[in-house]
Each structure stands twice: as structure tokens, then as C-alpha cells.
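Worksheet: one structure, shown below.
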Amino acid sequence: MAFLGRDYLLNNRSAKTLFEKIEKLPIVDAHNHADVKEIAANGNYKNPWQFLIGTDHYIWALMRKCSIDEHYITGSAQPREKWLKLAEVFPFMVGNPVYEWMHLELKRFLGIDALLDRSTGEKIWEETDSLLKKPEYKPQYLLDKLGVEVMCSSDDPVDLLDAHDRVNRDMGRIIVHPTWRADRIVKISSPDWPAYVRKLAERFDSRCSCLKDLSGILRRSHDYFAEHGCRASDHSMRVPFPCVAEEKQADRIFRSVFAGDSVQAEERDILADYIFSLLAGMDSEKNWVFQMHLGVVRDPRRSLFASFGPDAGCDVSDQSVDMLAPLREFLNRFDNRLKVVFYCLDFVYQATLATLSRSFGANVKLGAAWWFCDTPFGMKRQLEFISSVDLLYSFAGMVSDSRRILAYGSRFEMFRRVLSDVLGGMIEKGSMPEEIAFELAERMSYSAPKDFFAL
Amino acid sequence: MAFLGRDYLLNNRSAKTLFEKIEKLPIVDAHNHADVKEIAANGNYKNPWQFLIGTDHYIWALMRKCSIDEHYITGSAQPREKWLKLAEVFPFMVGNPVYEWMHLELKRFLGIDALLDRSTGEKIWEETDSLLKKPEYKPQYLLDKLGVEVMCSSDDPVDLLDAHDRVNRDMGRIIVHPTWRADRIVKISSPDWPAYVRKLAERFDSRCSCLKDLSGILRRSHDYFAEHGCRASDHSMRVPFPCVAEEKQADRIFRSVFAGDSVQAEERDILADYIFSLLAGMDSEKNWVFQMHLGVVRDPRRSLFASFGPDAGCDVSDQSVDMLAPLREFLNRFDNRLKVVFYCLDFVYQATLATLSRSFGANVKLGAAWWFCDTPFGMKRQLEFISSVDLLYSFAGMVSDSRRILAYGSRFEMFRRVLSDVLGGMIEKGSMPEEIAFELAERMSYSAPKDFFAL
Amino acid sequence: MAFLGRDYLLNNRSAKTLFEKIEKLPIVDAHNHADVKEIAANGNYKNPWQFLIGTDHYIWALMRKCSIDEHYITGSAQPREKWLKLAEVFPFMVGNPVYEWMHLELKRFLGIDALLDRSTGEKIWEETDSLLKKPEYKPQYLLDKLGVEVMCSSDDPVDLLDAHDRVNRDMGRIIVHPTWRADRIVKISSPDWPAYVRKLAERFDSRCSCLKDLSGILRRSHDYFAEHGCRASDHSMRVPFPCVAEEKQADRIFRSVFAGDSVQAEERDILADYIFSLLAGMDSEKNWVFQMHLGVVRDPRRSLFASFGPDAGCDVSDQSVDMLAPLREFLNRFDNRLKVVFYCLDFVYQATLATLSRSFGANVKLGAAWWFCDTPFGMKRQLEFISSVDLLYSFAGMVSDSRRILAYGSRFEMFRRVLSDVLGGMIEKGSMPEEIAFELAERMSYSAPKDFFAL
């Protein structure tokens, strides 16, 4: 079959029928890393590298794997040089979803059918570059073209959200909601932590000398986000916090850390756990969705961390975590009063998380296949677990998790095709009545996240 | 394809041929939770709820997931009200095996082809209710109709087994064997434990003041079960016991617990471990099958446990257990003298358990895909592991694990279809000679458990 | 379809086209257990048992599973008796890859189409036995016939390598490279360890009274292997060593062990960890490939170990290991200066290892599906992980891991068919452009290991 052709990922007749029905539904993307300031500015992209690669660490990681020097990845080489280096090794990435996403974006949104390689690199650069000069390739136009109805960006509690307001005003509809991404406030071990707390205090014209102060400041940020349409918080971690720490002990530790006293790792965990419970408590009050990205080990490669810093794209998953014990405490503490979504990096947790989701009722949901699982293979496996153990109907919805605008298109297309293939496969083998499959497909690809995230 | 049609779950020609050959084989169900007293009484079922849902916590769990109030699940609402609530949300369960089982039961055994939903709920209730008034829907008739040749119920060591005798006498053949389900005797942490031990002692007209007494009482129960045709014991746990505790220490702990002294968790584990080795030792002497249900965490949701108690259907699996270390001790201790079956809740243990089964010879077998794995997807994965690592020929056999009589039919049909599909798939890709596949299919779906459990 | 027919394992048209292209490529087998002395002697095999079964513990394990007495497996029964016992139970092994390998070998290399069972056992024995008397079934002829271009055996650091030289001279090309398999030197807990160290010292005419001495001796062995064409070392373990121990402490422990003093398990681990870092350091200097076989628990069944000793074929996998923490240390320590291949016994580690491979650049690769994963099902799953997370292009290559010569043929055929099926499946669903799939297939089945191992 033709690469990325009409029946791409659709292995049966029912899949094709389903996909035709959901293909054009608007995109609801409840978790991404949109550069909202860039969208608000709505200028032309500078060049194809910035547009297609510059912010995408999925591609950086694979370039390193193909022995490309960092100079041509995140270094100071010219964008065009970087692009040509990528073109040389791009055929070696075949089989990885990055290969499909890139070509989906070239084909579907830039009208370029060629495969990217050494022989086509220059031509694709030129074609893309000239398109990017046109007004219809400015961010706001692209969001319309891609059919993005609404999406949630990821923002730090210290951030100002005026760019969000501008985008929504300029586009004449609420297209972007902020998300309260509070990772830094629980990363007590970071040397920057006290400075971050001070910055947060300043942002809200407060002083912060005890945990009660911090709690108040966090609440002001939370309220500020709520006023700007926030519907969810987001939290990334290796091991979940159980939320069992007591205030008095946590406050004592807070004062020690703030005073610069030496503090044990276990004590830092207690403080983080307590703060985490504050965050969840505020989400519970406002009926926000508490999103947990579980199982990630950040920055394992020291040479890269030393030269580049965090978020270089070299994070790894870890199958050895006990997820159940802390999640069980957490879910019991907030039972019946907090909307939760699990995103999971390693497939080994899928049964544990699916059974927890099944057990804790309609508030607790499994989210989209995340990062290393965000592939046709990973999505399919995850849908099979949701289907077998939990309920497809209760799925929290696809999210792009991306910073790049075109990625919203390519990733939702991939998901909708895999979803159609899985549901179509169930119809074909007599496990699902055709007459109710479309409603399910529509819900899973559009209305489920709209309802759950109140978008 | 038609939902649950002739080729349901059968993806290739060879699968269809195989299924035709094994479809009508009698059912041998070596582990279920039959209500033997109800079967002995052989009265008409009271209503469709009692008949199809009342005892099925698989369905309860999904009703909760669909936000149905507990009042309409296990609460005091009228059966008909409960049924209509279920009907409203039943379409949302599509994709989960519960959806297939229910419709298989309606279609195959009640002659009802409609899909259960808001619009059909009343009609299906009426139709089912009128069928249940007929004599051919009494339990003993149904067992005949379903083709149940023989099955093993789950019974507590304190239980009387006269209902088993009555059923076998009334039906004119040994259709039901008891199983010695000894979970309560190793659950030392339960506040009811001393009372349970006393009850057991009373049941066998004994006194129990030391571990030797307990051992004697357990043996009497074991002998009593043997006299009533018992062929197996059954044990459910999160982490297996290694069976390495010593009698003297265990006896000392026993006396402390019994005296109401405070005892450490580690000490309780030692006592439980010792008792567990007594159980296995007795099974070894009588050549019973020792069934282990591994990896389950019971009652994780406190709100539900507080209001409902155990077995509410909200149990979860846990991927973080070290299965190998204790199982290795256990298997070595009883090497070559105990028949063992592993049932496993979380797929992450499949390789570990399959290699253990492979290593410890013909006595150690992998059992049916259990609970959250008892789905077309889970069964297929499990058969692939058994096939790749261990031997299909050595499979312990499908079990329904259910309390509901119709479930014996729907679950065995699902299994036999998946089995036919997997073996048929191997034939179609040239991995299995067609001429020996039927014998294998017959063995796996009928004679293997008959032989191994001596039924 | 016919068992092992033309389209065996090839489920689609593209798979068939790909397989036609790679089927006849020469075999590059970077890790096996060839009996190089036997190949050098190049005599006729004594009988079919020695030729097909005698050294294959995969088959031994399944014979035990079928209740064959050890007398007829590794015991003193006559080879012909053993063969006939195997024939009786061989149909029960259907579904396991052993069943396919055996029949592939009979069919492809001995021209025997019959299925091995009770009725054909004698005839197949006679036919095979008479073939083995012919010169074209001597080892060196067979290696040519199988298309083995080059392979790496597994050798102990004390071993002499003159048989390797003889084979290469006799065959007129470098067909066999040794591999430095240094497991015994890190197994400090073995009672034989001091004797082994003395043997190693003697072999290189040295004395060994401190860790520096040992380091020097290991280097001489390493140099000696290099002179004889070695390109890689190989290491098998349950938990990887992090390589963080310090020399001074390790030296102190070395002296204690050597003096026969009692030493804690933790201390032995420190010494082993230090020695392990010496091994990796030498590989780094010579640009060898450091192969890690991870997750294996050796000899879990005591009865078998007591009667037979190690390598009886009853090893198991263990899903409870923390792979990430030690591997992360190890990979950081040798970052950018050591070629590493991971072979993994349990599928639960696949995501963790794939993300590590992805993160640590072109030097770190995932290797062939190992042992219990070396099946169509396991290979497919592993290729899906490599494809989704890491890069197919970066795969380290198929290895036979076998001692038996015919196994090189059957296992590479199975792999190439599965590879063609996976890549062909991606073409068929539009995920891979047909025009670049052949180059990828060629690389993965032939040139990738040649390049990486410098063969």
C-alpha cells in the first residue's frame, strides 16, 4: 500500500468506515505544550527548522542515535545546515513514529509528497520555506486549518496568562486554556527551589516564611489560572506521591529547607508529599482534572545534561516502581472528589493502572498513550487494556503533548486511525455491534475530553 | 460481521474448522464459585437480576464506573429497577468482555437477540422473567443444557458438603466436586481469625490450643473433603508464601495470637507461611492440585469496603511483587510431589511464571487467564506465552471462576473460540501441522483438566 | 497452509517479497556457543542424537516437561533409545519453537519431510544416521552449506584458541572469532572462584596476590583474545553491575576472599562490580562490543542442579529486578566510549532497555530476542519495541546463541521470516515506504552486526 495512503493504519473495512466518520471531527487537545506567546504574536515562522524540528526533542533524540553531532541538533549550526544533516539520516528513522509524523505533516499540510532524504532535503527546505512566508502558515491560521476547536497549554504557576487572553480574543473564541503545571514546586531537591519559591511569592506580592504562606500563594496562582479558564493541573513524576504527610512536620521541614539547613531526602519527600496534597486539594475544590504523568526518569545521561540541561529528549522509563501503594493512598484520600487522569510511560503499569481506574469510579480515567507509547503499537496495546479491564467509553481522550502546531494534526490523525482500526477490528470479529461503534468512536475522539475537562 | 455471529472471534478458516470440532465438547470447569446449595434446591430463579447480575461483581464494578448509585447495584432497590438502570448504561460497556458475555447468554441460552439498552431493557426483563418460570431454567436443567460434565466449586474448610452429595445424587452422576478454599486460615491479620479457628475446631469437635491441634483439625477437614470427592485446594494471595518457616517458631506465634498478645506483621507472616506449608503438604499426600491465584490486592477502595465489605469487585492487580523468590522456595520444597497451577492477575508475571512452569516439570502448570485477563485479548496473550515458553499441551485448562450458571457457557465459548483462533492462526502461518492441531485443541479444551484434576 | 511451507510466518504479500530478497544472505552470527574444537576436528557426527539433540538444553527442558526420565535425556541411555523417547512425546511440543526448529532442520538440511512422532522416530533416525556418514555432513561442510559467513563463539578467558586458528585456516577464511566470556571471574560467591583465579594466573605464567595482579592477568588474556580476532566480550547476569566500586576497597576484599576469610555478600558484590568495570574498560580501549545477557536466574530447581549441575536448561526469568539504576550508572561511566548490546530474558524490561538504548546514542544497541523470547511471538514484540522507541536501523543483529550447527540455519530462517513479516506488515498498512524497506531488511539481517562487531 502507498505510504501514508488513504488506508494508512486501517486494516479492515469497518475501520475505514469508522475513520471516514471521525476523520474531520474538530480537535480537542487537553494537554499540549503550545508556545502561546508565539501564537499570540502570530508572526511568520522563520524557517523550516524552527517550524518542524526546533522544539521537537523526539527528533533530537533520534538524530543523536544516528550519530549526528549536537552542533547540528541543538547547537549553533545554521538552521539549513541542521536540516540537511537531518535529511541525510532521516531514512534511518523509518519504523519510528517520528518518520510517519514528519511525512504526514509534509504531505497533509504542506502538500509535499517526497520522502525526506539526502536527495530531497534541499528541495523540501526550499518548498517549505517559501510556504512559511505566506500568511496562511501563521500560527493562528494553522490552528484553524488543523481544525483545533480547543486545547490546553502547559504553564508554570508563576506565568502570566495575557498571551492566552490575546489568542482567544484574536481568534474570536476560547481556543486555548492554560494548565497549571506545578512540577517545580514539589522538586524540593533542586538547588533552585528556594529561589523559585521566592519568585512565586514576588509574583503574588507576598512573603513566604512558612508552609501556610506557600499554601496561600499557591492558592492565589490557582485562582488566577481559574480566572483565565484553567481546567486542569499537570504533574510529572517517577513515583507518585501518596499524600499522607502531616502539616506540622512538613512545615518544620519547609523552614529548614528555606533556612538552608541540610535536610534528608526522606524529609524532602515528606514536604513534597504535603505540597502535592495541597495541589490536589485545590483541584478538588475547583473540579479541575488532576493529570499525572507517571514513571519517567529525567535526564539519565549525564554528559547530555551537563552540556544541554533538562528536556533534551533523553528521558527514560523505569519498570521497577511500585505504583500501586502510593496511588492507592492518593486515590483513597481524594475518593469521589477529584478528577484524575493517568498517563503512563511504561507498558508494565498498564494492568495496575487500568484496575485502579476501574475500581475508583467515573472520576479516575486512563489518558492517552504517552511519549514512548504514543505510537501505533503503543496506542493499540493501551486501547486493548482499557477495553479489557476498564471501559473505552471512560477514556480521557487523545492529547498531542506537543509544542509544534503541525504535530496536533499528525498525532490526532494517527490516533484516530489506530482507534478506528481497533474498533473496526472488534466489529469484524463480532465483538462489537456496528450500530453502536460510531457513537463510541466519536466520543473517544472528540466529546469525552470535552466533557471531562469541561472545555 | 454480525455481533456474536457464527464466526465470532474466528479470524481464519482453520480457526473455524477447529472450533466446529471442539464447540460441543462437554464442559470441564475445574474452578468456579457455584452456589451448590442453590443447585441442590433446584428451584426457579426469582427474577432476571438474580439470575444474570445479582452475584456477578464484574458487572457491579462497571456499573459503578458508569456512575450508577450503589443503591441500584448492591443496594436495596428493586431488582427490576436495578435492571433498568443497568440497561441505560449497558451500551457504555461495549468493548469490555462483560458486554459480550451478557449478550452471549441472552442469545445462546435465552433466545434473545436484542442489544440491551434503554429501549430494550423492559422487554428483555419480561422475556427473561417468563422463561425463568419454566422448569427447563432451573439450575440442574441448565447445567445439563450447557453441557457441564463436571465442575469444582469453592468451599470453606468449615463447610458441610451435603449439598454436593444431593446434587450428584439428583443428577445421577458426579457433576460437582468441592474445592478446599483455605484462604481464611492463613489470613492471621484478620480480627476474625481466632474466632474462625475456634469455629473450625468446633466443626470437628476438637480443641485447638497449639499448632499441632490446628494441624490435626485441618487434616480432618481435608479428609472430609476428600471423602466428598475433593480433588484440589485453592489459594488467593498478593505475594506467594515460600514455605520456609519452622514449626517451633510458628507454634510460639500461634499461641501468642491466640492469647490475644500483640504480634508483629513479620511474625504473622511466619505463622501463615507455616500453615501454608501444612496445606500444601496435605495436598501432596493426597495428590490434589494446589491452585494459586497470584497478585491480587483486595479491597483497595476504602469507601466501598467500609460500606459493602469484601468481594465488592473493586480488587486490583499489582505489578511490583517479587514472585520468583518465594515461588522458587515453594516449588523446590514440594518438587516432584505436588501438582500446582498458577493463575495470574497481571500480565507482567507471565514470563516469570511460564519459565517456572517450564522448569519444574509436568506437575507445575499454567492455568486459565484470570479475571482481568479473562478476555479475548488476555487469553490470546497468555496462550502465546504458554506456547512460546512452556507447552500448550501442558495447559491446566479453562475455568469459569464464576458463580453464575450461564457464565459457564459464555466463558467456555469465548475461550474455545480464542483457542481455535490462536491454533488456527498457527496453522495458517505454517507453524503448526493441521493434522495434530485438533488433538491439541481437544486436549486443551476438555481432557487436560480432566486428567490433571482427576475428574 | 502447509507446515513450514513456502510462506511460513509470512502473512502478507510484502513480507513474501522482502523474504525472497534476504533469504539467501550469508549468516553473520555474532554470538553462539559453537564447539570450535569439534569443527576443527571436522569428523563425522556419531549419531542423530549427538547431532540434533545432545547439546540442546531447550529440548532437554521440554522432554522433562513431558515426564521423560532424565536417564533418557542427559543420562546413560543409548542415543537411539533417547531419540525414540523424544519421538514419542515430540507431538506434545507443538506450538513451542523447538517443534518448528527441529522440523526446519529435518526438512531444509536433511531432506526429511515427515513429522517426528512415535510412528516415524525409527525411520528418521535411520535416514539421518546414514546421512551423517557422508562427508557433506561434517561440520565444516555444513557451515558452508548453511551460508555462515562469520560467527563468534563463546570462550573462557583461560581457553586456548588454537582450534579457532585451525578452523579459519582449514576453511580458507576467517569464519570464527572467539568471544571473551568472563562470567566466572565475577562469580565471587562460587566456591571454585579462588581455584579459577589461580588457573587463570597459571595460564598466563603469573602470580596473583592482589587485584592489580588480577587486572594484569585479565589484560593478558584480553590481549591474547584480541590477537586471535576477538571482537566482543559477553556477560550473563540477573542484575547488572553499576561499576561504581573503588579500587582500594575492592583490593582489600580480594585479599580477604583469597585468604579464605569470611566475606559478606555485599563485599563480594563490590569486588565483582570493580572487576566488571575492569572488563568494560578493556573492551572500551579495544573498541570491542560489550554484550550483556540480563535478567536470568540460573539453576532455580535444586533437584536438577544437584543431579546434573549448571546449564541443565531449567533457568528462569525474573521480572522483579531494578535494571535502570545500575545500567544508568554503567552507561554513564562508559558513555561515548563503549559499544554495548543488551539481550533481555523478560519482556517486562523491553521499554526500559529501549529507552536507555535510545538515550545513550549509537554505541548502545538492543540485541536479538534471547532464549525464551527467541520465538516468532517474542521476536515480533521486540521488533515492535525497537521500532516504536529506538530505531530498527540500530538493531545489533540476530544471533543464534546455539551450540548446534544446524540451529544456525533454523534460527536465522525463523528470524528473517519474522523480520520480513513485521516490515512487510508496516508496508501493507502504509507505515513504511516500500522503496526503503529492503535496505533496512538487508541491514538488519546482515550488515548491521557485521559493521557493529567489525566482522
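Chains: A, B and C, in written order; residue numbering restarts at 1 for each.
Everything below uses one rule, namely that a residue touches a chain if its C-beta (ideal position, glycine included) is under 8 Å from a C-beta of that chain, and two chains touch if they have at least 3 such contacts.
Small disclaimer: the values here were computed from a predicted structure and weren't measured.
Looking at chain A and chain B, the chains in contact with each of them are C. A rotation of 120 degrees, rounded to a multiple of 5, brings the CA atoms of chain A into register with those of chain C. Between chain B and chain C, two chains of identical sequence, the interface residue sets overlap only in part, with shared numbers making up under half of the total. One simple way to say how far apart two chains are is to compare their mean CA positions; for chain B and chain C this gives 40 Å.
In chain B, the positions touching at least two other chains are 320, 348. Interface residues of chain B facing chain A in the complex, by the touch rule stated above, are 1-5, 7-11, 61-62, 64-67, 91-97, 100, 115, 297, 300-304, 314-320, 345-348, 372-373, 375-378. In the complex of the two chains, the chain B residues touching chain C come out as 320-325, 328, 331-332, 335-336, 348-349, 351-352, 354-356, 358-362, 384-394, 423, 426-437, 439-440.
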